[in-house]
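In the two assemblies presented below, chain A is common to both, partnered first by chain B and then by chain C.
After this line comes the complex of A and B, so read on.
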């Protein structure tokens, strides 16, 4: 299980995209993992043949636990987990790892991906959990008959009215344990209330009531009752809350701000955009990011991590860019080596990342490894952003909206487009003078956009 | 002032009399509204009182006289046009849909069409398929007009004034079975709110939503249900366009069950619209599928027993409510 974020402790394997015997090469997407924040595609860090899948879909395992064995090409024995080795992998104790290998696999793993679209559709329709279906087709493939069989066995989603479902969630009643009195045994609001009443205990008793009658199907660990009851949005809220609380608790922030004249940058951008096809036109964000990346090379004290009581400079400038998601919450995809990308390339990269972030389709390597983060709330119309640093990074750069403002220059007042750039920095790693040099560099670079 | 016993018909007439007295720009026109006193007797005596200039008999051409009303409204008058039945209004639908409802939009806001069109709707009087249909839902489909359905004496008396005050076209549906309904009418107190639905009877177990001529039947159904221990809330939609979603959803959120009663045909009906809105806006409140009681999908029959069988009746409404409430646990 790769670490897909500095705060990540465990992840739930959602889906395997490969099966034993498949040949994989480094960089292939092999599985989908759900973190508290989003579903992330996990890439393979080794080439070879997939041996055994060690973790069944739906299982939550700690960061560092092996997910599968990959047999290196030409070698049969050297089967090692190489799922990921990102920036900071907490040292998972060896003995636990061994335990993890054995624990969650009760039978030859049922591979979610081994069900065709028709079967998946049918399963959806019948409310059958595919991870709980034993495949009888060739290679353990789940067939139509398997799904139908399970549906008949009572793998069926309990029939309940929308109101009953809502009540059940509110009162923490397991619908599977409630006898329905509605038409065809549908569970209705009164049934749920009655069940909650019978329980007559405080909320924690819910799990116990549920347990005795919980059917013996569900051989695989379910992602945790609490997790299931908590909607994704709430989980993300909590994850952001944890991380930001930690940042504010541990990092002594200092803040600087400067207002930058953007007329040169915007004029250059307009001229460039006139030559470019509509799809490739650049936004000011590309120039701002590029300027930040270049400034981070010039003033290296802000680009990197605070680790084990000391500052560790980043290798390369990998800029995180905060994207607010439509359903609430944040993602911070990373533009790797932003300092070496031309603004147009950076724009393309940014567009792609933002778009996929909003669709929840970022890869693991794309949300990790950031050395410095930029938060721009310009499109929300605010003038300045005073951000909270994303640990273990040591600085966060904020940009507000580019706005027209009266501007004094050489004793004359004119109207200029300006942007407020802010810096939140970790006082353990740097002092105000470093931050000031950094913001001045950003300003200076934006005055000569053609050099960026 | 004490309440007075009156009929729905007389309440409508009183509203017309008040409007004609209060504003010189108001006039009434339609087939037989003058000398004959209106096909359903609503305007009886008004031509004698206000003269043939202001209570005008028209030729049998719905398209012509509804169009004339629209023109007069654009020119600054406040016409009340009576169409004998909603079936015949289809001849004027071009005027209503393509002119009255669109002109504010198409003139960029320069033209207002403050016309009021009254028409009789509904079955139950053995007038057969060409005089008995309920097409209110078709009108409620049209943006640009307001559609009202007075079901009570108060609404019959009170809806005309706000309709005339509306700068846009208003269509008022009077159900044929209501004209003879009599009762006590409280004195008018200020202008009537025509934007809201009204809870005609409070209850806890199921919300029965209806309007117009079906309201008395639904109230009888609620009586039947009360005898069985089922407490039904009755909501009178009153305004069919725009619909008062807030009142509907508030009631459903209390009772968790809804049955919509509509004399229109079920397919593509106003009942379908109300039901869809409930599932859109109050899905997580629903403890049973939304029920509908509508007319049988046939031309309304002439024979009394067949006509009764084709229309929503109190017993059918009660059955749908029982179905929604289900076995009571």
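After this line comes the complex of A and C, so read on.
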């Protein structure tokens, strides 16, 4: 049972996505674990063959307990040691003893999928079209049982070209309902486009013919555990409470704030967004995150961890950002190497992570290893956020709403859009001067959005 | 697009962003963004879905007209 956060003590194995005998590769999602906060996809850090599953679904086990045995190259390796390693704050660069293996470098998260790679593999084997399978797992995830059930019912995979298949997935078209015009009635790319066009068209009749065909894609189910909303919410409240109490008890916070003129950033965004379809438009949040990530490179003293009585700089800037969940509580998914991503790419990651955070579909490696966290409460209309640091990190950056305010510049008063940026920092790791340099860097970077 | 179709498109776009949202309790003129606690990312997804589904171009300047059910419906009818 991996540690999926500094505050996690135990987790409930919700579902196995692999079975004994399956071949697994590092980075594959092999199980779903329910923590006090959310359902998380757990990835495998080892390649090999699944030997034995040691924990039955529904069982709550402490962090560090072995979940499964993975046989690598003929010998059994306890999953506990390597596969789902019980690392505290996994990717954190805990000072390592000589000869000790480096922390597993998490795989770059794979594009969002409704089913894990192994379930997809199974579907492929059984000839089941996943778009036609109703997912019964958390958040509508498709499980092995769903695929097996469908295969049993005889839900065959429609004939289609690989291109058509990919296109259908992108356009969210159910291949089973598309009339194929290719050889032997195989669905071709043009057929999919036609179907997508019909569906998107304003004619309600066309929309209706498409609608019932895609039950698995239709309105996404309520995230996670709607049925058990009460206890889950209470457990999350307690988990947040424990972690934040610890932060407040152990970390001597200091707080800084500055007001940043956002005219340049907003003008740049407006001009850019005007030419783009909605799906590619960027929000100010993407620029704010990029500015924070770049500033963290310039002022490295705030990016990293407080561990064993000392500051350990982060290897790379992995930016966590706080997402409030609809049924209450928080998640803090992490954008890895945020400093090296163009703002547009950061925006895409942000959208993807927030969407999946709300549906309980984040992976273990996506909620751990953050080196600095950003909390933006702008959408709630408040001006400033003075946050509590997420241990073992040493700083938290807060942004309030972008608001119009009187602004004096060169002896003239004008109205400008401004945002209040705050910094909560660990006084054991840095002093106010470092924090001030950091906030000033964020300000300066936001004045030249085209360079971000 | 008539009013019923436009209204359906708006409701479906909201439901896609907030699965299980209870739309029956929404006042036609109340800002649903507040009522359903949509943040700016949610709102962007809402506009994206609406634009894809109706095939209409929706600019950032139009966003203020998309904050309540009645306004959004009227906007779509006028724009289509």
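Operating definition for what follows: the second predicted complex is superposed on the first by the 297 of 452 C-alpha atoms of A that agree within 3 Å, B and C clash if a C-alpha of one lies under 4 Å from a C-alpha of the other, contacts with A are read in each partner's own complex, and residues count from 1 in each chain.
FYI, a contact is a pair of C-beta atoms (placed from the backbone, for glycine too) under 8 Å apart; a residue touches a chain by one contact, two chains touch by 3 or more.
Every value quoted in this text rests on a predicted model; they were computed, and no experiment measured them.
By the touch criterion stated above, A:414 is placed in contact with neither chain B nor chain C. Note on chain A: of its two partners chain C and chain B, the one contacting more of its residues is C.
Of the two partner chains, neither chain B nor chain C is touched by A:21. Looking at the shared chain after the overlay, A:191 reaches chain B, while chain C stays out of its contact range. In the superposition on chain A, A:350 makes contact with chain C only, while chain B stays out of contact range.
By the touch criterion defined above, A:181 lies against chain B but remains apart from chain C after alignment on the C-alpha atoms of chain A. Of the two partner chains placed by the overlay, only chain C lies in contact with A:274; chain B stays clear of it.
By the touch criterion stated above, A:283 is placed in contact with chain C alone, chain B being left untouched. Shared contact residues on chain A (touching chain B in one structure, chain C in the other): none found. Contact residues of chain C toward chain A in the complex are 1, 5, 8, 15-16, 18-20, 37, 39-41, 44-45, 47-48, 51-55, 58-60, 80. Chain B contributes residues 256, 283-288, 326-329 to its touches with chain A in the complex. Considering their complex, residues 161-166, 181-183, 188-191, 194 of chain A touch chain B.
Those residues of chain A that touch chain C in the complex are listed here as 200-202, 204, 219-223, 226, 270, 273-274, 277-279, 281, 283-285, 324, 326, 350-351, 354-355, 378-379.
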